[in-house]
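Below you'll find the structures, each written out as structure tokens.
Presented sequentially are two complexes of subunit A, the first with subunit B as partner and the second with subunit C.
On to the complex of A and B.
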């Protein structure tokens, strides 16, 4: 494992003591169709959004989705360093990172493969909305840090990143909103899953019980244009179930638009000028 | 004896601030919002149309305030980078010394360039630039130096070329730089002011404000920054600079347009307070309110 001499030497790998206990076979839905945190399957958690939280960044946004906490900061547009990869369209650099303390297992300082994959999905979602032709030869940097991961961190990050870009005054076709749905066996769709409810490959073996459909789907949406700009699907889903899940995510993301718009307008209002 | 001071403030909730009085009248949009469905309007900055659309709707692409000038519709974002125009006065920091040119950071989207052919080198204006000059570029301006300059040319990708071929511009010596949003600087004929309080301010169009003490012989023209005065600055003069800096920050925080009159009025209304008191929220609001009323009185007096 890579070491970092600039940081305090802490144990390279650490575990939540809970994970050493024998795993209980938990059912995510009880007999009254309630989830572990008391929500019904079609019930999302409350969302909190605030722009302008990181003072040194050009634009920033803080997003809270239940216990999931995400900070996104945007720097730029600025000059690209290397002229070899010259292009007339702007570039976005996106870095998604779980803070070392954010998950039940200690995360390293260096982004691992899963984080790199999530960065790519977020980049895909943002590239669809940013008007890159307005930023020739420039680089826009997007940094996302998950402070606490309690499920749906990717969708919270996408929403936060888009609002941070808007806060930085970067031209976009639309805001991007995003939502996740966990498919839990036949006909069970858990909206806005927590970290316990998120799909893990071992679930498929242990609790599938002959049912093929287990997985987690995240969709990023341009709400006013009503276009899907990124889809991330994990697990094993039949085609028609996947279609149904994507439609479900789309309508959930559409619901977020009002909140996102309100957050942006209030941040604009607070710095509104005195030049009438 | 320690000389601690006690500042008594009004409740922080108090908001009898006239600044936000008209905020409800402005038309705010977020990216993707339809601004107008009327096809007659021309699209300006911060807007876009869908090529495939038949009904010619105009959408916003940034979050901000809609501005209409006759048939031209723009959306003005409140936190933008500086978009340069020819003739603007800018203050910038040298980022890199390259062959024949300097890269200057000017709060613009791309770094600006300052060619060696567009600076005044010591020894008169009409002088050939030799290879020796290229080698001694770093002696004149090195990384981290602040300069004032004028925009000579705007390239089609938005990059700015600067020049300092006037003795008013050049390297900046001792003073203080304040960074505000470029949208707060009012465009005027002159951006370099020798204020009666003994300080010179450069209210640069890119939002970088330079405050320094007016040097004795340079009331009319500077020397292009060749001879940087490194003498210690006396306390009284430093206080003037600090007071101006605090006043400008107060005005910028309340989003009051910055130009010579507003800065001067704020300075005058701050004279009854100590320099450090200006930073407190209550005093700062007081100064801003007084400045606004002075500006309004002047406006009505003229009309």
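On to the complex of A and C.
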């Protein structure tokens, strides 16, 4: 286990007391087709976006998606570190981190494998939208921290990161918006899942021999160009179900465009007012 | 992955992209062909299962070791499978740069974890010996010997063959003194049980180069690739995890085509691999 000697030592292994309770088999949809929080399957939670929340950063964005709360700040463009090769294109560095207290389970201070993977996916999504040729020899740093994880943290982070880049005045082809859909059994698509609804390896119907589809799909989209710039899925899905889910995510991400635009416009307006 | 690409000039890239447009790649393959796959299993004596795969210029060794351990508290009736990938500077000079090497290795590990983290891929309950007390922990170690493009597909082929080859000692649980259970190992080292690999996924990387999608890209083609999709495909054609790689974007219709193409290729690859493993003789090399 990786440890950081500069930090106070905590027990090497600890246990979430909740995991000792017998696991409740909860159905995510009741007989009236309602989810645990009372939403219907094709109902997303409200999104709140605000730019310019971090005063020290060049650009920043705060995103709330139900109880999921994400802060993203952007620094740069600045000089690349001296040992890097000369590059005509700029470089983006992206760091995604769950705050140690953000999930039901305690998270370590050092990014684990899944966080490194998500950082990479977000980086690829942003690389598709940023006009890197405008920033030769420069580095743009994107830091994302999840304060509270109640599902769909990855999609909230991607949207927030793109808006933070825009807030920092980094040239982009388009804003990136993102959405997640949970596939729950055959024919149930839960839009914008909460943390309880996200896919876990235990989700398996032994009676049907695993014939049902279960999984979580996250897609990031460049809405005006209609280009997909990130896809991430887990679980087990038939190909046609996966395709259908991706299409669903795409249209959900498309719907976020208006909200993202509004947020950027209002942040520009408030800057104007302050200057006046 | 582009970190490991060699520096091609624009003219060279153009040549590769135009070739792919005409369905004729620099090594003579068409867009939907794999390079020749050489495979040998049971190559390492100190492991419980092993394999060596060579795909074009990509070569790697997979060793599986099983050890006794304690199950996780949250899943007391399941064993564990753990992946570790290692890439030395022997494989590619870029591995000397620590940060780049770590990203590269994490990328492979996380995709393996993503596709194996469900109950379809592997039955972890079969690895449990005494509920809550003892289970088998399967360590899958991948050592990359040479990087020649398409590492992910090659790794998953190696992992599947090594897991198929893995023999877990058939232990017997006996009740000892004071109601404590005791585990007894068989005397015969060949008294082993095998892990079921029927639904183990194979990773398929479909890369989009220029205007077409290709399979099994070489290093040169990877450096021309604008976007690629990696997917875990089971023998039945189920998809256990998808991830988009490289910094480009894709048209939604193209993405769908790529996914369907990947699924088809993955199933063919499973069939070829199973056929080869069935007729495999120890000490030889099989070809897919």
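To be clear about the criterion, the second predicted complex is superposed on the first by the 248 of 276 C-alpha atoms of A that agree within 3 Å, B and C clash if a C-alpha of one lies under 4 Å from a C-alpha of the other, contacts with A are read in each partner's own complex, and residues count from 1 in each chain.
Going forward, contacts are C-beta pairs under 8 Å (C-beta built on N, C-alpha and C of every residue); 3 or more make two chains touch, one makes a residue touch a chain.
It should be emphasised that the depicted structure is a prediction, and the values quoted were computed from it without experimental measurement.
*Asks:* Check subunit A with both subunit B and subunit C modelled on it and let me know: fit or clash.
*Replies:* fit
*Asks:* Mind working out whether A:246 is in touch with subunit B, subunit C, both or neither, as first, second, both or neither?
*Replies:* In the superposition, A:246 touches subunit C alone.
*Asks:* Which of the two partners, first being subunit B and second being subunit C, lies in contact with A:167: first, second, both, or neither?
*Replies:* first
*Asks:* Quick check for you: in the superposed arrangement, does A:31 touch first (subunit B), second (subunit C), both or neither?
*Replies:* So A:31 meets neither subunit B nor subunit C here.
*Asks:* Examine A:268 and indicate which partner it touches, taking first as subunit B and second as subunit C; both and neither are also allowed.
*Replies:* In the superposition, A:268 contacts subunit B only.
*Asks:* Under the stated touch criterion, which partner chain does A:222 make contact with: subunit B (first), subunit C (second), both, or neither?
*Replies:* After superposing on A, A:222 lies in contact with both subunit B and subunit C.
*Asks:* After superposing on chain A, what angle in degrees do the C-alpha centres of subunit B and subunit C form at the C-alpha centre of subunit A, to the nearest 10?
*Replies:* Angle at the centre of subunit A: 120 degrees.
*Asks:* Looking at A:201, would you say it contacts subunit B, subunit C, both, or neither? Reply first, second, both or neither.
*Replies:* After superposition on chain A, A:201 lies in contact with subunit C alone.
*Asks:* On the A-aligned overlay, A:175 touches which partner chain: subunit B = first, subunit C = second, or both, or neither?
*Replies:* first
*Asks:* After lining up the shared chain so the two structures overlap, which partner does A:79 touch, if you call subunit B first and subunit C second: first, second, both or neither?
*Replies:* A:79 sits against subunit B, while subunit C stays out of touch.
*Asks:* Would you check which partner chain A:233 touches, where first means subunit B only, second means subunit C only, and both and neither mean what they say?
*Replies:* second
*Asks:* Upon superposition of the two complexes, what minimum C-alpha distance (Å) separates subunit B from subunit C?
*Replies:* 13
*Asks:* Subunit A residues touched by both subunit B and subunit C?
*Replies:* Subunit A residues touching both partners: 129, 222, 225.
*Asks:* Which part of subunit C faces subunit A closely enough to touch in the complex?
*Replies:* Residues 73-75, 103, 106-107, 109-111, 113-114, 117-120, 227, 229, 234, 237-252, 255-256, 259-260, 263 of subunit C touch subunit A in their complex.
*Asks:* Which positions of subunit A touch subunit C when the two form their complex?
*Replies:* 15, 19-20, 113-114, 116-117, 120-121, 123-124, 127-129, 201-202, 204, 210, 214, 217, 222, 225-239, 242-243, 246-247, 250
*Asks:* Sort out for me which residues of subunit A touch subunit B in the complex.
*Replies:* Spelled out, the residues of subunit A in touch with subunit B are 58-59, 77-79, 88, 129, 131, 135-138, 166-175, 222-225, 260-261, 264-265, 267-269, 271-276.
*Asks:* Within the complex, which stretch of subunit B touches subunit A?
*Replies:* Answer in residue numbers: 19-20, 22-23, 25-26, 28, 30-34, 46, 48, 59, 61-65, 77-81, 109-111, 157-159, 183-184, 254-257, 292.
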